[in-house]
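The two complexes that follow have subunit A in common; it is paired with subunit B in the first and with subunit C in the second.
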Partner chain A sequence: MYVIIGGGGKVGYYLARELLEGDHEILVIERSAPRAAEINDLLEGTVLQGDACEAAVLDGAGIARADLVAAVTGDDEDNLVICEIARYRGVPRVLARVNNPTNALLFQKRGIETTVSATEAILAQIEQELPVTSMVPVMQLHQGLELVEVRLSETSPVVGRTPREVLLPPESLIALIVDSGGVPRVPGADTTLTVGDALVVVTRAESKGMLQEALIGGAHGFDT
Partner chain B sequence: MARFRSILAPVVDDSASLEAVAIGASLARQEKGVLTLLHVIEVERSLPVTADMDLEAQSGEELLRRARALAAEAGNITINDELLQARVAGPAIVEEAEARGVDVIMMGVGWSPLLGQFEVGPTAGYVLRHASCNVWIVREPLEMATAAAGKAAASR
Partner chain C sequence: MGCGRTGAAIAASLDGDGHQVTMLDINAGQFRRLPDAFGGLKAVGNGMDADVLERAGAREADAFVAVTQGDNRNFFASQLAHEVFGVKSVVCRVKDPERGEIFGHLGLQTYSPTSAGAEAILGMLSGSGPA
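Coming up: the complex of A and B.
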């Protein structure tokens, strides 16, 4: 697989190093000449010095035959431009690092479905650690869908019901139930939701508020 | 002194490189060793590394023929040659040296003063920094090297 990485900072460098272990063809494009020279030596000559926001640079890098472009610079604007060019050139998979989580929606509106935000990942981790939190984003999926985990408390309006009886927002479904003992179950007709159950739910990003109300009730948890 | 029974000489089309081949051949005769001539075709990123590079392959083979003939003048030595395609020459040379377990890489460097300062160039620089075996750098006498650099500049 040919992977082009836009940005040779720490994220780009370590990403390239891991991918090289997997025997992929890698090219890192780094704007800064000293940084490009520094990591080129460490990455077996797989670094191109240039601005990945320029179509000519990406063309020279062979973007037309790339299987995946990962835009991981420290600037969301640059990452958006890199992804836009990659999509325009027909790259099948495009992935962007989003530094400011509020920009994630902007990427999605431009058709860049796969975004990775370190801030969101850390926030999700913190939320998992906080006992007051009931809804935790787990993963972003394609087409604007997300995977979230919802833990049911005593006040949850769905406790004692079956999954079928729960009125979920459109295009949402309970994919998995993990009981308080840590045992995973596929939701069935005879499954009763109980306090302490963790529901793994697929939903749309814009439906998380409704989902929270349906499963948790009131204004508990974070809506991220 | 270390024994240099297996010698790798990367070949490009310049006089310093061929000088390194001649010295490598002399060393191979002295050590009763093997000289491997290597030419690396650098394939641009817009193409797969395995793309057909017919023109470059033809000129590379011609270059290897010339280098082989020059090395053969040293006498009865074993000469191998190899034509490779890679993204960049430096890592390809280091990998080939490791795969063949060579004792020394012998490469010529031209005289190309950038901003008045001599630099060995990215390929020789990479090999010097990364090859685990010995690396010998051959530079022609200054008068010849600067004349070759001037000739190259005039032809550009």
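Coming up: the complex of A and C.
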């Protein structure tokens, strides 16, 4: 697989290093000349100095034959532009690092469905530590689907029921149940939902409000 | 968005024609470029933040113009206005002509001062006046 990485900061560098281990062909495009020279030595000469937001630079990098472009600079606007040009040039898969989590919506509206946000991931970790009932974003999937985690408390309307008895919003399903002892289970007909269970649920962004109401009830939890 | 010379001139002209104008810039000092008679709103904030655009009235706006110094910032804010807030007429200034051409294929009206300036100068050199 030929992967072009836009941005040779910490994220771009470590990503490149991991992909090189996996025998992929990679090219990192880094704007700053000193930084490009620095990581080029460490990445077996796979770094191109230039601005990945310029179509001419991407063309010179052979974008026409790239299988994947990952835009991982620290600026969301640059990442959007890299992804847009890549898609315009026909790259089959593009993904973007998003620094401001609310910007993920714009990337999705532009058809760039895979976004990764460190802010969101850390937020999810913090919210998982909180003892209250809440809905925590876990991951953005394709086609507008999302993975969220919901921990059940005493006040949840679904405690004591089986997954089949729970009325979920359209295109939502409980994928996995992790009980309070940390044991994962696939939901079945004889599974009873219990206080302390963490439900991993696939849903749509626009259904999260309904999902929260179904699993948590009323006005509990966080506004995710 | 962007109260440089171009942005200030556009805002002053639209305001003078009786339109309701909001000027958005991250630096309040830039508002000095607006004429004293400017009757529109001046909003301080980053136009690449959806919350800032919404507070500046993007949802009700008929048109959005992005003329900051950064091509990518202009593109990003313009796409927010177009895709998230449904603004009908969006104009995005892009200095890099190649990038501008691609952005033009992605649903935005773009203007390249580089290409327009080059054409005007070439026109003057050939004696046919400004393009």
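By our rule, the second predicted complex is superposed on the first by the 223 of 224 C-alpha atoms of A that agree within 3 Å, B and C clash if a C-alpha of one lies under 4 Å from a C-alpha of the other, contacts with A are read in each partner's own complex, and residues count from 1 in each chain.
Assume a contact is a pair of C-beta atoms (placed from the backbone, for glycine too) under 8 Å apart; a residue touches a chain by one contact, two chains touch by 3 or more.
Computed from a predicted structure; not experimentally measured.
When the two complexes are superposed, the chain touching more residues of subunit A, out of subunit B and subunit C, is C.
By the touch criterion defined above, A:209 lies against neither subunit B nor subunit C after alignment on the C-alpha atoms of chain A.
In the superposition on chain A, no contact is made by A:111 with either subunit B or subunit C.
Using the contact criterion defined above for the overlaid structures, shared-chain residue A:64 touches subunit B, although it does not reach subunit C. Shared-chain residue A:196: touches no atom of subunit B or subunit C. After overlaying the two complexes on the shared chain, residue contacts for A:76 are found with subunit C alone; subunit B is out of touch.
Legend: residue contacts after superposition of the two complexes on their common chain; A:184 is shown touching neither subunit B nor subunit C. When the shared chain is aligned, subunit C comes close enough to touch A:85, but subunit B does not.
In the superposition on chain A, no contact is made by A:160 with either subunit B or subunit C.
The touching residues of subunit C, when paired with subunit A in their complex, are 48-51, 70-73, 75-76, 79-80, 83-84, 96, 98-99, 102-103, 105-106. Subunit B meets subunit A in the complex at residues 44-49, 87-88, 90-91, 126, 129-130. The residues of subunit A lying in touch with subunit C in their complex are 53-56, 75-78, 80-81, 84-85, 88, 100, 102-103, 105-106, 109-110.
Of all residues in subunit A, those touching subunit B in their complex are 25, 27, 41, 44-46, 48, 59-62, 64-65.
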